[in-house]
């Protein structure tokens, strides 16, 4: 087997590199820059049952070593995803994780059920969304809520389920265990940290939504420590995400216990970063005479 | 009143700039570089009842825009603090906040009681320490534990109490309200975020303690959003801390609702940063024809 | 549209806060349209910075940049001979309409109109600003068929007043308008164009992350709902934009 | 000890991974002791980097730097004429003992011994490394009274073997040892010195944040408990250090 193959348990990927949800759309734009099928997989923008307009602008800004965003899950809804986005992406020959979001448990169930018979690598359930039933606290903060949501989705959808966890919790191993118990096949760790910026000239928050999600190299140490913790707490594979910008970062996440990684913000500074990480990782493994498989979790021993 | 005076409710400081605990020792070393009394206050290294040797090395490393540390609260204990460190610092003519830490409630009570009759601006209770009674989860994560600890300390110590909160929680307004209810006079927001780094050469965690606390500009957006949230949730003053490196950052924290600020890691890159922030803030206020008082919380309106 | 690296050939100061850089980019210089932009990497920053291709000849493109924050300040320090990475050309440029073009640039917004003026050949290009010290259009060489005018709030150069007032006075039936500048100016122009039933196109600005249409960071409100400044714009039909 | 800014005067490559920079720092050049260090700001990095003052004359100090990670790689790019901020001189240098000094430098650790050798005037300075390509001491000008020797693991230059083996063979009663290098080498030397009852001093390295003694980032273990490499060291009596 090639050194760079990544084993997600429910599937093997040609390499462990994929884009992070929301930073890559449905891949159309980036497909003008490189062939999508050189990636291990593609993770789509979040899909909600109905179209969502998202938050008022400004929606993105820069912070030291990071990016703040408050897109607000703008998307064209399930129907457009099924009829317009997915068929195109399915023609690209790359495994697909569709990111699913919602404001109620039913939202997740509805999207998962509708996607259940599609040819996909799996669904990625984004549990960082504000839960309207629970006063806007996100789904991902409570182990029981996570358990219940994942098991309900599990019942209606035969696809592999990857559960994406929010870092804005006291102990991330609790929702991680809840997801595992609910039947998740893998976990993505982490989504963005809550953050904000203020414009000292206007004396107002920079983002239209006041707060946003912090991503980028700034959060890498936090993401890495959460991957480390979660990898010890569960026995399903972990997909590491947060601040990856160079091949050494990929290796750090693998060593911490991630079976694969997602790269979001750093590709804004360098739109060719994803294909470069694939080839840099190939060279790194070649030079160090080792494989992705050997690296996964190796820093724990 | 001068533009730059900071009102902490229980005291007015000549300016809102102070060092963050643990980054400034007891001030002795930095007093060789500038007079300590140009600062609004000095915050000391944590004091525990007994001397503590701290964590194995390496204890510090660098991350993108940040610093990771795992000092492990190394300090010479209460007796050395009272007999060797405090008398010297008290001779410097600068208000003093003594940072207090412990592994049990009794530790905090003991140190606070012993310091109660000292001439101090107040105590800063560091609630990010692992609570041995509660299986190592830090004191600051649960509103009730915070309430109980602060009210017990309140009973034995007449000094103003500043409670320093950990950001590693789902909802920081809960411990914030607990501290206020327990009798805190102000809150410091935030301590470090849990993080880690891995050495890809040795394939082992960089820090001897495996995980550490992330600080520096990388965490500024997180700190700012927590100050914003806490300032809305409580009516006692908030001291902002996390990633401040330039005068615009100070202004951002004031606008978010902080009455004063603490500066830690950024002074490692520039040991003269604290005095420079005092003079830069003076110029900024002069140019903008406004005062610290007018800025505090102004971004909320 | 491709990712490219271009050598910075020249660096010139235009006013106290505005400078011009010339990049060697023969692959895009001939084809780029007025109003299209590049997404430029500023070394050390997490996000790229979008800049209109202000001008172009066979081999080079010119960016005219106003110092705004840290990114543009860092860009001002980049030395000739350095290579800068950028993605471009991006977005949709202006689509010339029949009739005489009146091109209205508010401050740095004027940069978005120069290449259009050059390609139109004959038109009127007006730069507006607070006072003469901010107006740098005299430092741009355009053919004599392009009529250059100025408007200044304080009357220190050209028309005394802002560009909406200028347009109110000078807009004639049969003209069409291309404009770029502060939102307030564009909102005022939109109202005027509506009243006079004159067609126009506006180049908008929004903060961007990907610059490509993938992240939905740069949406603006239009009569058809959300649109992406980077992909659907930056140039929009004047009547489509919703200013709120 | 003060915060200073110094102009980088010269920049020279010594080996594939080692270079030397000369800083104009007249205020500290004359007074600095062998083994003391400066805490140097590398623009763009959160932490400063500690470097021994390898050499000094009346006006300048020299740092000899091995490329290790990103900070030292960035430093390698700093151009002569640039100004660098540093805090120094910091820490306690070597305290010459009676008798003939044997100075043992493992690789880049040799940098910590050059100024000591110069100040001692007469002593033996040995640089050890894996093979001759790593040994750069011939590019440092020292008075002839300083005997320069080499040790290489592969025998390609000087003594064939490591510095502990070298010392086992060459250490004579009445000598004292100053050493800097990898912990394993120092631990081996410590054992040897203990056996032979020969006094020694070691310069240690630890990751630092403040460099001043305020943050407790740089502790090392000694027979007296925790000590700070930045303030109590970097030079410690050989028998005090606890290697674990």
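The letters A, B, C and D name the chains in turn, as written, and every chain counts its residues from 1.
We take it that a residue touches a chain if its C-beta (ideal position, glycine included) is under 8 Å from a C-beta of that chain, and two chains touch if they have at least 3 such contacts.
Quantities reported herein were computed from a predicted structural model and do not represent experimental measurements.
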Item to check | Interchain contact steps from subunit B to subunit C (minimum; 1 if touching) | outcome: 2
Next on the checklist: What's the minimum number of touch steps needed to get from subunit A to subunit D?
Outcome noted: 2
Item to check | Greatest separation from subunit A - chain, by CA centre | outcome: D
Checklist entry - Any idea how many Å lie between the Cα centroids of subunit A and subunit B? => result 33
Item to check | Chain centre separation (subunit C, subunit D; CA means) in Å | outcome: 56
Checklist entry - With chain centres defined as C-alpha means, what is the inter-centre distance between subunit A and subunit C in Å? => result 36
Checklist entry - What positions in subunit B touch 2 or more of the other chains? => result 63, 65-66, 217
Checklist entry - Which residues belonging to subunit C are in contact with no fewer than two other chains? => result none
Next on the checklist: Chains as vertices, touching pairs as edges: which of line, ring, star, complete or other describes this one?
Outcome noted: line
Item to check | Chain pairs in mutual contact under the definition given at the outset | outcome: A-B, A-C, B-D
Next on the checklist: Which residues of subunit A touch subunit B once you look at their complex with the stated criterion?
Outcome noted: 63-66, 68, 137, 141, 168-171, 193-198, 200, 203-205, 210-212, 214, 217-222, 224-225, 228, 243, 245, 248, 251-252, 255-256, 295, 298-299
Checklist entry - Given the complex with subunit C, which residues does subunit A contribute to the contact? => result 22-25, 27-30, 32-33, 45, 53-54, 57-63, 65-67, 69, 71, 74-75, 216-217, 265-272
Item to check | Contacting residues of subunit C [partner subunit A, same complex] | outcome: 1-3, 41, 45-48, 71, 85, 87, 206-220, 225-226, 231
